[in-house]
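Heads up, the next two complexes both have subunit A, just with different partners, subunit B and then subunit C.
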Partner chain A sequence: MSAQSLPQPTAATRRLPRINPVYVLVVALILAIIVMNPAFGEPTGYMNFLKRVTALAILSAGALYVIVSGGFDLSVGSIMTLTVIGSSMLASNDPNSTYWIIPLMLGIGAVIGLINGLVVSYLKVPSLIATLGMMITLNGVAFMWSGGAPRGYLPDTFRFFGRYNITDIPVISLLPIAVICLVVFGVILWWGMHRTNFGRMLHAVGDNQQAARLAGVPVERVRISAFVVSALTAVLAGVILGGRAGVSVDIGSGFELQAITAAVIGGAQLLGGRGSVPATIAGALALEAIFTLLNLLGLAQPVRLVVQGLILIGAVAFATYQRKRAGR
Partner chain B sequence: MTDTPLSTPRRFRFERHASTILLVSAVALYIALIIIMGQTRFLTLENLVAILGRSITLGITAIGQTFAILVASIDLSVASLISASAVVTSVVMNGDPAMMLPAVLAVLALGAVVGLANGLVITKLEVNPLIATLGMSLIIQGVLSYYYNNFAGNVPVEFQVFAYGTVGIVPFSLMFMFVLAGCAWFVLRFSRFGSDVYSVGGNKDAARLAGIKTDRVVIGAHVICSLCAAIAGIYLASRLRSGAPWIGAEGVYDLESIAVVVIGGTVLAGGRGGIWGTIAGVIIFSLIDSIFNVAGVDAFVKQVLRGIIIVAAVAFYAARSKRPVA
Partner chain C sequence: MSDVPTIEMRGISKSFPAVKALRGVSFTCSKGEVHALCGENGAGKSTLIKILSGVYRPDSGEVLIDGQEQHFKHPQEALLAGISVIYQEFSLLPERTVAQNLFLGREPTKNGLIDNKAMVAETQRVLGLFGVRHRIEPETLVADLDVASQQMVEIAKAISLNAKVIVMDEPTAALNEAECEVLFSLVDQLRASGTAIVYITHRMREVTRLANRVTVIKDGEVTASFDHVPAPDVIVRAMVGRDISEYYPEPATASEIGPVVLSVSGGGNAALRDINLELRSGEIVGFAGLQGAGRTPLAMALFGAAPFTSGTMTLDGKAVHLTSPRDAIRAGIGMLPGDRKAQALFLMQSVRDNGMLTARSFAGIFGGHRANRFTDLNGMNALLDQMKVRAPSYEQEMRFLSGGNQQKAIVARWLALRPKVLIFIEPTRGIDVDAKASIYHLMRDLARAGTAVMMVSSDLPEILGASDRIVVMREGRIAGEFGRSATEAELMLAATGETGVAA
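What follows is the complex of A and B.
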């Protein structure tokens, strides 16, 4: 295209720096929580909050890879369940088992992601159906493995990641391992999405699959990798959630939709082409902050559902409105 | 494309017959299994009716879901709407036969309002249908479980006829499902709205340029979808004799109805498919269940196989498609 056919982005139309509204939302929500409950401003308050949000934040950032590539991954919740159930079945109270269980679980996760990706790319099954089938299958596998009720529990070495706090640190006084995990994996996922060729190809595939193919992007490989990343983060989220909350048979259910919600609040575009890892993590923070706020207000679980629904629709409607106004 | 000349008049249209092939193979498998197991007592008309009768809720829901998917939309709010409808039915009736008509009207009004809201959010606010209906589902479920947390009200005996009454061996509800499917087929095949549904699902921009009011078509499809879910809720209340706020979610009617529609050959991207494929999909689903029962498959293994079968059935014809999938 020639330069003259492109409208010049004039500085005058951008008086304010373009901040993703999700960051404003998170700050506002956290201020509201602190106003209502000053204890939240203490390290134990906000560190516990971050600890609670870690699993969802990592999961959403991984699920974002699939969303940006133009698909959905509904199997992540069941992968989390499988991780927790499988680990507790294998561990049989042996503290040393953790060192091979977590790599094994990551291996299983990689295989699951690979299958998802292969089914979507080569069998041309819409990802919604493919991962839905995977979700049903994995929930069944988890039940089969545990015989309907989980036996055994997770050794402390396994629960280390979700539960343990480093204490006696100046200024912040305590630092949960989960928060370190959040930062480390958040940075890795940010780097993969926004600083590598892979991330760029991911956006290209999600934006226009045919154009990406013509431009030489190995579309199938990129899509499969996205599913593998998503499944691996689901295993990590499962390890952290299992460490924090313990074993139960439906521990991961509902997380797949919360992950999509978090990505959408963070401004990710469903069906691909647009999304940011930091904004998605902020979306997860916002979602958890809203739940915390509702708890503080003394509103019960049903109200939580209603609010989550309204926010979900509101966030997408707002994003569409903004895009339309910007003429894109 | 392929090197087969496209003008050949008798070219076998695989896509058109895929759901029939699946249905025939499921039936063949079922019969073969029964003969191998030597349990020929299952090969009766009564048993066939019983197999079909088990999936009426899913069938009615899936008929509505077909409309939503044909316009390239989707409805995830059907499960919680089914729960809400069942609860409203049994609470309004509360054992009083005189309240039967008001209860049904109230539920249908509820369905219409939910469908209208879904349609308006999707078309006017341009929210992705998946998100819009997921949000709606959370809202309905939240409101419902705020007021009720257990079976509420009860359905008078006179109304249980809807679920339990029969003509000969055929239940009313089964006939109702097929009549509903017939009506839906008639609308899609012969009415202007029906052809608009296919046009909008096939290519929305082209449909708009051709003068079709695409928003109205999408809203209409969602109203039909929600009305069907509401009817499914009424049926479920009649069968369970009472409604509870979890019965829709427990049946996973949202995802199963989508799976059934897709197995029936309706394309998730919209514009291609039809009602009879969906009905074939429903029958395939209940046949699979019966096959498992006859073969004595463990409940958890059943679930695993079910997941694999959904994917395999969709892959069965999706693999030939040259269109990119989401």
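What follows is the complex of A and C.
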């Protein structure tokens, strides 16, 4: 085969960096919201929006690690629930408890992620099933722990991350702690995925597991680490969500699918090998923006679910179509 | 024997994009005869059979069945015309019974329901025809049968379809000695009952035992056709007799070949026995043999992917025990797999990421992706340049590159780690002629730089042209060792177990 038969990108496509459509989508949705509700353009409007989206954004970026490695993690929503319920049960209204509860919850999260990873890597249970089992188990544990009704409260020290705003800041006037968390964890997760050997190996394992093994990638260690990252971000998302919304028994339910939807909107390949942390965070923003729009239009919760389902299917179909057009 | 052959193929030509697969091939087979079709891998045997069975349509030429011209548009039409093909991979459904498989898609019915009784009775009758009624029960699941019995079910299926022609594509590939005998007597019976049999093989023993006539194809053309069965070496010569092209680099001189780098003594596992082997620095050793002779399992054993379970292996004189590819890579062994797409390529990742991967795998997990102790982005660019990988940019996804460029990028992956031993499996499979030559030169350059190169190949001219020493394998053992002056016929005879004839 000669050079002529290679698909040569035209000069134009080579010079213009290809913009992920998710960024265009986010901008368009936010403009639409501002048109319908000018108050959204004020700092209290968009900062509250960002605050609301933080838990999902961090969660999605963590779940992306598992998706890029070629798996699914359905247990993240139940880890969020366990974090909120467990923290409220352990805190017994003691403000000083936060300092040991959050590290403890992160430890529990790491163990859960480790178990997910070991079951998937060594017992060869498909990740969809392994983490579905984990999700049911953890929901049961949270239910038993709480006795079926939310008891106890989260102390203010715990709720600091999800609820507190720094006020009297020039230009933006207020800055929620949650938004700082989003930036900090977003950067850490971006660095891990896009600037380390680990991130490159995640992509390789998700792209072609057998080839990865023969190229010397420690496939099991990489896959297990992805599940641990995913579970840890679920704990962080739980802390932020619990802080913002308080205690309820099914607080995390549905988040696992929202996280997958956000990653897919951000252009992640569902069977692994491709995915971007910034685009996934943008995907979470887009999803939340759509929900906000539906709210403004006065549509109720059931419609929200219908829309989320359609988006998931539509995003995958769109990505497949684009790839086909690009030559494969 | 009637005058009109059961099948007659006249002047068949077929091209695929970039490949001329068949050129003016004619082939006939009559009632009550076994016509052996011989040729190397990729000679065009399968294409010819796929045209006969309606999978492909020829660009020119005609197919006649019992003297009538036929234009099959679908394999089903060929099947109805009485042509059954038994491929190497069986088309049976493993979770169904023998009887259900025999009647798949044409189940007898009674009152609108499947008539199980009739199905079982007919299956028993057909199996009885060739005396395997006691070996195979109609209501056994196919998955529970051994490979030979599954093959018999395939043949029984062909018989129950009243096949006039049965094509067998290397039917003994998966059979042991005793099973082969059962198959041979079955072929004899089918011949006696008037079936026309096309028997594809490259094993001379089977040709001698079974065939009435022999046709040899090579590079898409008939190179020899015999109305009797000639001596094996005559057939072998017709199968391989082509000129060695000049694009192979100069072989190693005596002074370039260095000390033993890797040695194995008494190595064995499920697929290998009594492997004694030495690879020297500066030398390219070619491994020849038929499919299933154990060449790839040997490469996988050396690379730790399917380790030896017995024997000892040394690397630079020190005993090593490699149980995973990571062990092997750490010890200084690299491997380029034969099935690149399934085993080597990351199609969605960039060319450079493909090249960097192994180096990154052995650097710290949270180390930066730009540089590690083996190489960095600039170093990888330089290696890719040195390999002459042609890509618009090394940021390009791997899937957009041609086979040859993909292979060169994977060589760069290993070069970054400077391995002592580099194993190439089918290094030029699916690669065009120009790129082939550059891969040979690349292997030679590596050897000159002191690497011990092992090359597994099914392409005999390539083995002879690129190797300094040639090892022939057969049935999991090393069957012979040759210098580079060996002939293709000698290698082929060693590979097929006909060494006695050559000597």
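Methods note: the second predicted complex is superposed on the first by the 312 of 328 C-alpha atoms of A that agree within 3 Å, B and C clash if a C-alpha of one lies under 4 Å from a C-alpha of the other, contacts with A are read in each partner's own complex, and residues count from 1 in each chain.
The rule is simple: a residue touches a chain if its C-beta (ideal position, glycine included) is under 8 Å from a C-beta of that chain, and two chains touch if they have at least 3 such contacts.
Note that the coordinates shown come from a computational prediction; the quantities given were computed from them, not determined experimentally.
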Quiz item: More residues of subunit A are touched by which partner: subunit B or subunit C?
Solution: B
Quiz item: Looking at the overlay, what does A:301 touch: subunit B (first), subunit C (second), both, or neither?
Solution: first
Quiz item: Regarding the shared-chain residue A:316, is it in contact with subunit B (first), subunit C (second), both, or neither?
Solution: first
Quiz item: Counting only touches as set out at the top, which of subunit B and subunit C does A:196 meet: first, second, both, neither?
Solution: second
Quiz prompt | Which superposed partner A:211 touches (first subunit B, second subunit C, both, neither) | solution = second
Quiz item: Which partner does A:225 reach: the first (subunit B), the second (subunit C), both, or neither?
Solution: second
Practice problem: Mind working out whether A:180 is in touch with subunit B, subunit C, both or neither, as first, second, both or neither? | Solution: neither
Practice problem: Would you check which partner chain A:274 touches, where first means subunit B only, second means subunit C only, and both and neither mean what they say? | Solution: second
Quiz item: Can you list the residues of subunit A that meet both subunit B and subunit C?
Solution: 210
Quiz prompt | Complex interface listing, subunit B residues touching subunit A | solution = 121, 125-128, 130-132, 134-139, 141-146, 255, 258-259, 262, 268-269, 298, 300-308, 310-311, 314-315, 318-321, 324-326
Exercise. Write out the stretch or stretches of subunit A touching subunit C in their complex.
Key: 1-3, 5-9, 14, 192, 194-201, 203-204, 207-208, 210-218, 221, 225, 269, 273-274, 327-328
Practice problem: Would you pull the subunit A residues touching subunit B in the complex into a rising list? | Solution: 70-72, 119-120, 122-130, 132-141, 143-144, 148, 209-210, 257, 260, 264, 270-272, 300-313, 316-317, 320-321, 324
Practice problem: Name, in rising order, each residue of subunit C that touches subunit A in their complex. | Solution: 18, 303, 305, 325-326, 329, 335, 337, 342-349, 353, 356-358, 360-369, 372, 390-393, 396, 399-404, 413, 432, 434-435
